[in-house]
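Please find the structures below.
Across the two complexes that follow, chain A remains constant while its partner is chain B and subsequently chain C.
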Partner chain A sequence: MTTHETNSKPNRTNWIYWLLTNRVSSLFIAVILALLFTCLVILVIKADPIKLFKVLYTGSLGSMDAITQVLQSWVPMVLASLGLMFTFTAGLWNIGMEGQIEIGAIFSYGVMRIFMFADPTSNLASVPGGWVIVLSILAGIFGGAIWALLVGLLKNFGGVNEIFGGLGFNFIAHAIMLYLVYGPWKPTGVANGSTKMLPAQYWMPQLTGSYLSLWSLGIAVVAVVIVTIVLQGTHFGLKLKAVGKNNKSSFLLGIPTNRYMLLSFILCGIFAGLTGAMQVTSFNHVLNYKISGGYGYMGLMVGMLANIQPLVTAPIAFVFVALTKGAAGLGMDMHLDSNLSGVIQGTLVLFVLVMNGVRKILTKKYKGAKWTAR
Partner chain B sequence: MDSAVINSIASIIAWSAPVIFGVIGETITERAGVMNLSLNGSLILTAMVGFVVATNTGSFLLGFIIAALVGSLIALLIAVLNIELKQSQVAVGYVLAMSTQSLAYFLGASYVGKPVLALPQIEIPLLSSIPFVGPILFDQTLVTYLSYLLIIVCYIWLFKTHQGLVLQGIGERPSAAYIRGANVNRLRYIYTAIGGALVGVGGALYSLSVKTWNGQLSGLDGIGWIILAITIFGGWHPIKGALGSYLFVVLQYLGIVLQPLMPNVNSRVLQVAPFPLMILALLFVNIGNADWVDRTLAGLPESVRRTISKVLRAMRTSPPAALGIPFENE
Partner chain C sequence: MDVELQNIQKTFGKVHANNDISMIVRSGEVQGILGENGAGKSTLMKILSGFFKADSGSILLGGKKVVISSPADSVRLGIGMLHQDPLDFPPMKVLDNLITGSHEGMFPNRKKVIREFQELQRQFNFTISPDVYVDSLTVGERQQLEILRLLWLGAEVLILDEPTTGISAEQKQQLFSMVKLLSKQAKVIFFVTHKLEEAESLCSQIAVFRQGKNVGQVLPPYDTDKLVSMMFGKTLDRKSRSTYSQDCSNFEIENLKIDDIRVPIKNVNFCINKGEVIGLAGMEGSGQSIILRTLAGLVRPSGGHIWIKDDKGSKKDLVGKHYFTFRDAGISFLPAARLEEALIAGLNLKEHFILAEKQKGLFIDNKSAEQLTQTRIKDFNIKGTGENTIESLSGGNQQRAELALLRQPLRLLLLEHPTRGLDIESAQYIWQKMQKRCAEGASVIFVSSDLDEIINYSNRILVFYGGRVSKPLDASKVTVDDLGQLIGGKGWE
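And then the complex of A and B:
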């Protein structure tokens, strides 16, 4: 009789417990809380939330044109987030991503310059555009990897925490960028923080009537598949995960942890460099001081949400760039600051962390958790 | 002495005050075992809040109080998520650094271009007439005087009182402190709140005295990260941290003074000067902890080795042992 009663009577606490501990519903709750907080922020400045969300929607998904623009920014966003999967897996915080993207872009544009300003009669000028693009991307990858390796070396051999090393190198990279675009690389006569535009034969082929390049989109999709396979289907990925989960035991079990950590920095830098090179060859077609676009800093938040699952970065990166693109219209349509996208993204991650914590506490699974103990 | 020199040194002292508030605040928080990584954002948000409150109410005091409250709320959020919900302090701190910065720019956008507010300078009667030192140290704002006091009070509290010993304990060996009767988590909350409030005062000092609120052009981005680095560089010691703050501001100042000598270089390039030096400084204080250094030193002749390791040991700092690790009483 008593068992029958407890089964048939809807137990309210159990129901709430289920909502809070289920992965999907707790994510849903986090999203709602983030939206509520955003509404609160909007109401503080006495704006109309409904109208604002409409602007966000039309600016990001409201038209075909807007959607192609979002897809275009999705490429660097997803590439940056994928790179961070390697360092996150190894338990490292590569805040230096932003600077690595900038250095990648500088290297990529640097190669382009060699061909752009070559003597028209020389051999260099007759190299087909496609090969120049490939070379330029490879140079970008090299630059990003070097910049990441520096942070890794400082961490491994100098004991400098990768957060501070990375930040320092971000600022140095930005200084180099400013020096170049306002100094030796500025177009003759003007100094507007941007270099001379690449000639059209050095642009990544793009769809007629839009800036979207199917090539770069393809590279991003392939990258998602490759990183998923490497991290979730290979021995290397498993070892890297072991290093991230428990550095000391992995070392004792014979994994050269230092080498793995350096390798994860290099891999991350490769993706950062690729991101920068994509920005130059397929999107901006110039080098300017805003070229890294905050993708490195945003990538860390995408990575946190993705929780080391490369496949999941794709949709999350899409949401993030859609928010950023949508918010870009706020200035024009509502005279509001476009930084609202950062507020929404940040509170979203924060509430996901809160809900993760609630779930951990309720299910008492927090011993040896991924993000604690640092 | 040249009055231009006196003026520049006096402004270096004034510019250092917000950095000192930040560094001492972070030192206290980290000594308790909580890492407030949100500094870069919380400094900007509190600068905005301080400016908005002071503009609307006409009261500097209220501006500082509300900014301090906001600062401690942000810091407490990290502590709650870490202590109660077992989330990583680095993750929460990073997210807060990003979102509070965006929040400040979004909410403070309509206050860009409002009249500048400048906290009045108060001359201290007798002391300010001391030649050279007087006009530098004793013709400042009230909050700058408080920054001198803060360094001393923090030093005495940390190293000369029983409560300071407990504070060190909960950051180094929380379980030992717990056995001796300290309520580790409650103390962590208290010290995190105090540290966050000091950061908030630093932020408000930027918008109400040293600089002004100018949205993304306020030039505050990056200072929070530097403050975190100075905290490490100072070895979690208030006096060394304060010296680090003065050093940083001197470097910043040199960047501005040297600018006219290099007209071809963009003015923002030289402002980066403190960052490579920050990396070098961190390298110096950390390299003594690396294994390979010990291994290399072992191969050197005895006298050389002894000198080098003495130098390394003198520079070396190590963080509170339980920094970032939530405490659980079994």
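And then the complex of A and C:
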């Protein structure tokens, strides 16, 4: 091992250095690079990039209808990303978000079933729809929290890395989901991976003429505020951050680190369950095997891009769902696969991370820190 | 193959780790390297084995000047180093462990390797099965494996760094007879140790290191007293120290037993009086840090008692209790690895102070946190602002920040190398703060590899040697020679 010391300080007015190390400009560069890369991919498949971006725009923000659809998907996207703020802060990777959303949806729909299929003459059938919705959401939250807690317990007491645990529970959750929608919960006569639709009185109130529910939008906005306050203004948030940055030191300072890690899983699971319950009560109104919508995985990307800042999560989640919604039109208008939006999202994440790395390396290098090379 | 070192120089920052070291070792010699902590023994050996590059000076093997710029280079030249902690791969099988790092190519001939390995083993009467996993071996067996591997790779020069720590008496015998056999085979052995007896019984010559210098090459018959004075070679100016009453008023340690894999410790008995400073002396890794961690509640002893006394004379046992109970009882531990175990890189000073305070309410009160930060920064003379992340501070400031995080009042402070790597001013500042704590009735126990620091600041001293703990020695009466002999493993009944 040899150590070299870099003594040469660069000219601070060097504009390239400035562009690469400034937080905002480096983010900007990352976005441009991601767009250029996407254009390259589009040119390779012999399509017109300008037209593609036009289609993306019309599909997401081009009409009032499109915007309400984006807003509607923004709710689960932002809720899932917010949940992951807790585990990210605690230094944990909750890959199990996806399964937790599914279990949340299952619990939520399960409660609905009790009321849906209740004897019309019984007391259950006369419970007001609003109460049923609240109960169903609470059940979803409970389900998601339990599923996340299992991952946390396995990590704390079984020494199972949360990434593997989460992945395992994702498969189990999905298996349970498939069993239910193709088995005991399938509507009579059909097996299309979906359950019977909820009766309208158990739907979250929607704006007339659209699927957008102001209630769920409100819940998402309130959640952004609450998570921001909890993580940035409370002792709990600071302690969670400490645990995430250095478990050993935090324990020495008197923080019960295991309990905090479990709590972060439970909180993340609560948001996952809420996401699942929203999908059931507010958008899909059925339980189907695609209900998690990939929000758990996308949430990880959003969380990384937001650098674990809940407030930043909101706009980034918006960009992500806008891209996804916009790409839905690609098949019809350009005969392209709508998964192209995934390419854009993925490259965006990669380039932002690369530019972050570049920024860190440059600032460290020129601060005269020791440079270790093997 | 003769080894010749000429004028080796190596500095780390301000520390002159190797200062103009020269020596010649002929083939067949067992060269002892003796010296206290930080004397520069390991640095020199790491230069010889390619882990460090010397600032200047040259190395000659068999009369030819060589350049060693990586461990791979040194292996190629026939130099093998056995590190204190074996550099092996515990989750792998013995055979795979051998093949890794050899030049057997993509498809090694496993049968051939096994045959050669068994042949080597026969020479030294070792019996390691090539098919078991390395983590199922004892420390001694892993060491044997590592030596065999080095020999198998063709080592002509073997460096053994503190090889007798953590191995059984029988394995030690095996090791010694192996060394003797290897010396008959005209190999060169470097035997780095702080254990006088071992050096005396095994080495055909001993070089004594002190503060980065080779103070002399000694030939047998050895005079222990002379070796000790060469190793420590200093006269002491004793500072006046605080007074305290020897009434066992704070803690009482009774028959403490700790099952550590490397250094099992048993029969530890001593009192901790209010207001006293106890220094733990000994070579690093002799059990001092384990005792500190046990007293802090981080390591659970397998037997014995840690009695905490109250004013009425009754006592309570802390053994088996959770770390937080220890903490709430007023025991604080300051680890040496500041950024790894004590502070949180990525959080700023203010956030550290908030974390260390008792939590009031759910929300962080920014105003009072700001105030607290200002007071602490002033009180503890920290050069930095509340917004500075802890890792951006200098070592001395980090250490002061660690002190600033301590609660009031405290009963017992456990410090691991409290002034290591600090400049004199910072070190003195830290001791001022400690002595103030003592005056308030707290006790301090600290580990240091600096014998001066131990003698200067302790009231009593415990010497550690391979997990054995001496009776408390009065720091105002004990001589460096006494300590040196004990640290080197002599004078233990």
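Everything that follows uses one rule, which is that the second predicted complex is superposed on the first by the 351 of 374 C-alpha atoms of A that agree within 3 Å, B and C clash if a C-alpha of one lies under 4 Å from a C-alpha of the other, contacts with A are read in each partner's own complex, and residues count from 1 in each chain.
As a working rule, a residue touches a chain if its C-beta (ideal position, glycine included) is under 8 Å from a C-beta of that chain, and two chains touch if they have at least 3 such contacts.
All of these numbers come straight from a predicted model, not from anything done at the bench.
K.L.:
Quick check on the superposition: with chain A as the shared anchor, is it clash or fit for chain B versus chain C?
P.N.:
clash
K.L.:
Once chain A of both complexes is superposed, is A:196 in touch with chain B (first), chain C (second), both, or neither?
P.N.:
Neither: A:196 stays clear of chain B and chain C.
K.L.:
Which partner chains sit in contact with A:285 here, chain B, chain C, both or neither? Use first/second/both/neither.
P.N.:
neither
K.L.:
For A:161, is the partner it touches chain B (first), chain C (second), both, or none of the two (neither)?
P.N.:
A:161 contacts chain B only, not chain C.
K.L.:
Check the residue A:236 against both partner chains and state whether it touches chain B (first), chain C (second), both, or neither.
P.N.:
A:236 sits against chain C, while chain B stays out of touch.
K.L.:
Is A:340 contacted by the first partner chain B, the second partner chain C, both or neither?
P.N.:
A:340 sits against chain B, while chain C stays out of touch.
K.L.:
With the two structures laid over each other on chain A, which partner does A:255 touch: chain B (first), chain C (second), both, or neither?
P.N.:
Touch status of A:255: second partner only.
K.L.:
Tell me which touches more residues of chain A here: chain C or chain B.
P.N.:
Looking at chain B versus chain C, the one contacting more residues of chain A is B.
K.L.:
Quick one: is A:246 in contact with chain B, with chain C, with both, or with neither? Answer first, second, both or neither.
P.N.:
After superposing on A, A:246 lies in contact with chain C but is clear of chain B.
K.L.:
Between 94-102, 112-120, 148-156 or 382-390, work out which stretch of chain C sticks into chain B after superposition.
P.N.:
Looking at 94-102, 112-120, 148-156 or 382-390, the stretch of chain C that collides with chain B is 94-102.
K.L.:
Touching chain B and also chain C: which chain A residues?
P.N.:
Touching chain B and chain C on chain A: no residues.
K.L.:
So in the complex, the part of chain A that touches chain B is made up of which residues?
P.N.:
Counting only chain A, the residues touching chain B are 41, 44-45, 93, 95, 154, 157-161, 163-165, 167-169, 171-172, 174-175, 178-179, 182-183, 297, 300-301, 304, 336-337, 339-343, 345-347, 349-350, 353-354, 356-358, 360-361, 366, 369, 371-374.
K.L.:
Could you list, by residue number, the parts of chain A that touch chain C in their complex?
P.N.:
Touch residues, chain A against chain C: 1-2, 233-236, 238-239, 241-242, 245-246, 248-256.
K.L.:
Okay, in this complex, where on chain B does chain A touch?
P.N.:
Going through chain B, the ones touching chain A are 37, 81, 84-92, 94-96, 98-103, 105-107, 109-110, 215, 222, 225, 228-229, 232, 264-266, 268-269, 272, 275-276, 278-279, 282-283, 286-287, 289-290, 292, 324-326.
K.L.:
Please output the residues of chain C touching chain A within their complex, sorted ascending.
P.N.:
51-53, 69, 298, 323-324, 327, 333, 335, 340-347, 351, 354-356, 359, 361-364, 405
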